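So, here's a batch of structures to check.
In the two complexes below, subunit A is the common chain; its partner is subunit B in one and subunit C in the other.
Entry: the complex of A and B
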């Protein structure tokens, strides 16, 4: 891989991030008839039971404080500068908490749960799918495929509800909701970690079970084509051990498309896990995003979406940089005209 | 006279089809002496590649080995267990594959593809000894040592075929099966690769079964030749005698095919097409295309008989000439 390519690829990364920031800034502001300050004031007023006088002035004061009275282009420039410092301002709904603090609190839960669940489902599914195409694999695997294929057609939040009903509501083996027991303070102690794992089992399983079929099916398809290759036949003529042919000749050679899917899925999972987080009351990014949208919290929405886009962009960047290692024929050299 | 190293007895390889078994190799019997170069020729679809792969028990579904024996130094390769046949491959009987262009794993370095075959057959060897062995093999097939660290796509077709050759000889096998090893190469590279194959064969004293359709190449390389037609051997004999005076009408037509430089005549072919093996002609499979067909040919299947010492032919014209 050339330095030239590395620089071009990093350049693309910067462009993607810039486009994302711009889009995030303008999109919520297109809904110009809604005003977050007014909505927030309304809520406060409703809970206080009295509509005070001078609401108009109060709204103006808050708008000045959040910089919403400035012209759009000034807001945009300021926003851009702040984002580069990972400063998304204050949450409008959770004032005076800063957006970045809310995200930092939620992000590890989401990455920890869904990142790990996706990786497990990827590894299990890919290995299983590869074995399904392997003639010497045990027979019983053939019967597992339809089962997991059916499950992968079920959305994982529905699967989550079923798991909740069976293992938390009916049998009470696992907790019903949350990321850790109510009333405990998050710490790095052993009992707390154990509790976290216990809470992660059901949402994790929902995602793993729903994902395995997809990975297996895709891997199986590629392996079937891969096993037809001449180098597999020659590897057999070389009298290589079955394990070596399976891992080094067959599986190894079809990893490339699988790695691409993994990068895309990892990005999607962070946003797509929202429903699972809601179902399980998990304190992650998804739950936070749901609250932000329902509270029309500009700053929080844009902060979360920005983080999601960064994660996807980083994942695809890593995969692109990984390609030449997976397949030496890929050099990314430009054609000489 | 030394004992045969490879004996094939009445080998039958069929393909399963919805219309019944297709007899791609139908009762082939032949033998190789130690250090001998044997050529197997035939048209496309005559079953030569099927036969070559069946000798190493590499037949893939829908193909299957219906019956017969392949005795390698007395060991019946059709009968031994999966694990035993794996150990025999490469160590005792090795393949130089047909499609050298695609027979190497594109994501592995050349050295690793040479070494892994050795690793899976021998007891633990230190890495340095493996490296040394690998470099010896590269030198034997006239490749530069730097190529060890390259990937297949960085090599030319001829170089890739040499790598395959280096792999085939890595454990000094008793028999090498070369399945049209040069069909993907141009004639210049073809000649160079065949010269290397010849040198390697002589230095190791290994027997070679060369499969191909190029009569000119065969004439230059092999000592004995077997002509395959529709899954059956039509004629077997020393290459000199078969070319000087072929016995089977099919062999005669086959040898007349390559245009010669002296007689600038018409380009000749054999009229008709090879038979469909699902429903082969009755009697001798060649009789519908044979210029010398008799009434017996469409009724009785001719068996392979030794009509002169060392000359075998499956044709009714010669039944009487038996010594």
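Entry: the complex of A and C
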């Protein structure tokens, strides 16, 4: 891996971070003249009955507190500094709580659910796809592919709704919503972990089922090309067992490019997953985002969106940096050039 | 007449070789027909609130029942299918248009402009579309109209077409027939319109379908979060309302199930269409499939 490549890749990462902050700062301010403070006051007024005199002064005081009375470029610089310290200010909807605290509480749920579901779906799909291209694989797999491909065209969360109806509402095998039973305190005890798993099964399945077809199709395409390589013919000529050729010769070589597309599609996975959380009322970032949206909580919305963009940027950066180390073919090509 | 017949039979023969394209087209056409016939038979006012009794199960009077606001769900489905298709096709067309302009500039002229365009596309492609859309949509929720929805969704549907078209233009730019065209005195614009465009048609069609599908996905996602046009009975808004009125817990399957079925059919149709067009665009895929 050349220094040039490393610097270019890190440069792209910095640009992504900068673009994310800038987008998040300017989009809401460009898109409307609505004042979040007034908006929030109106909500309080609506829920608490009537708001007395001096609303103008109250708005002014709050604006000074949040720095909204300063020129735009100053606000931008200040915002940039704060965001780099992961300080997104206070949540407007849950006022005394800081945005970052809400995010930190939600993040493990999202990462746990998405991470495990994506990994299972990736492994199942890749193995299935590889077997589809393998001449000695059982025939019934051929009929499964169109079925899962059809499902992969449907958004995760719609699949989630159907699963919810079948397995939670009608048959009551799994809980209807949430990440753990209402009324229990999160702890690291065995029964609690069991409950967490039980709550994660349906949202996880929605993401797994919808993802398998996509991975299988992609893997099959690469496996077909991979099986035409000379070293496969050589391995067969040597008289190696089918299993060994499949796992050690064919699968291993095509798994790497497949892993890169895992990082590339991460953005799509998270977009779809946000809505899965909403459907299941799962206590992760997606549900938090819905709450932020319905409470006009700009600080919370921008905090969540920034964190999501950063997670994806870091993941792609890691894959791009690790990839040349894992796959010697890449560095080889580079040297030839 | 004979030539036409011959041509038709050749088209028919090709269709038999590409069943995905045929089934994709017929699924989309079925949905369009559902919308057309539905709009003729049912007045769109029946998709508005309090056009019927609230919370009615399917009956002869209300074929698909009504929701808690008294919207007739069959009418909602008809109107919603039309709206969703319209948002998708218009946003997809805008995305493709921007993609064609940027992709050709970037791929054909190259240079600094190419570096800038490619950089922007690469950065934006790593950002999850829904995240950015939520930021925009959250600020204009109440003022959201069909047109602003189309523009917002289209603003993030041009990157993939740009990238595909740029890549194709790059490989075609150096072909012999392009050089012949240039030597025979065509200017750049003529080369692009007369020589490159026709050869890229299958790619443009596939890009268009892809951009349309991405737009519909983004738009239904936004709507399911409650960020769509509030007063319009789109498919995604129906899902949002059914979730916020807990239709499932109240056993009102006629509320939440039909939009899911229509959206699923729509996506499967678009998926098959893309796969079919890919086979035209990349003939090498044909052998493998």
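To be clear about the criterion, the second predicted complex is superposed on the first by the 317 of 337 C-alpha atoms of A that agree within 3 Å, B and C clash if a C-alpha of one lies under 4 Å from a C-alpha of the other, contacts with A are read in each partner's own complex, and residues count from 1 in each chain.
Just so we're on the same page, contacts are C-beta pairs under 8 Å (C-beta built on N, C-alpha and C of every residue); 3 or more make two chains touch, one makes a residue touch a chain.
What you see is a predicted model, and the numbers here were worked out from it, not measured in a lab.
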item	value
Subunit C versus subunit B on the shared subunit A, clash or fit after superposition	fit
Partner chain(s) touched by A:309 [first = subunit B, second = subunit C, both, neither]	second
Angle at subunit A between subunit B and subunit C, C-alpha centres, nearest 10 degrees	80
Touch count on subunit A, higher of subunit B and subunit C	C
Which superposed partner A:164 touches (first subunit B, second subunit C, both, neither)	second
Touched partner set for A:241, first subunit B, second subunit C, both or neither	first
Partner chain in contact with A:327 - subunit B first, subunit C second, else both or neither	first
Which superposed partner A:154 touches (first subunit B, second subunit C, both, neither)	second
Touched partner set for A:318, first subunit B, second subunit C, both or neither	neither
Superposition-derived minimum Cα distance between subunit C and subunit B (Å)	14
Overlapping contact positions on subunit A, where the subunit C interface meets the subunit B interface	none
Complex interface listing, subunit C residues touching subunit A	119, 122-132, 134-136, 138-141, 143, 217, 220-221, 224-227, 239, 243, 248-249, 251, 253, 256-257, 260, 263-264, 267-268, 270-271, 288
Residue numbers on subunit A that touch subunit C, as the complex places them	12, 15-16, 19-20, 23-24, 27-28, 31-32, 34, 149-150, 152-155, 157-158, 161-162, 164-165, 169, 176, 221, 224, 267-268, 270-272, 274-275, 278-279, 289-290, 292-294, 296, 298, 301-302, 304-305, 308-309, 312-313, 316
Complex contact set, residues of subunit A against subunit B	229-231, 233-241, 244, 248-249, 252-253, 326-329
Subunit A contact footprint on subunit B (complex, rising order)	56, 58, 60, 86-91, 94-95, 97, 99, 102-108, 116-117, 120-121, 151, 153, 164, 167
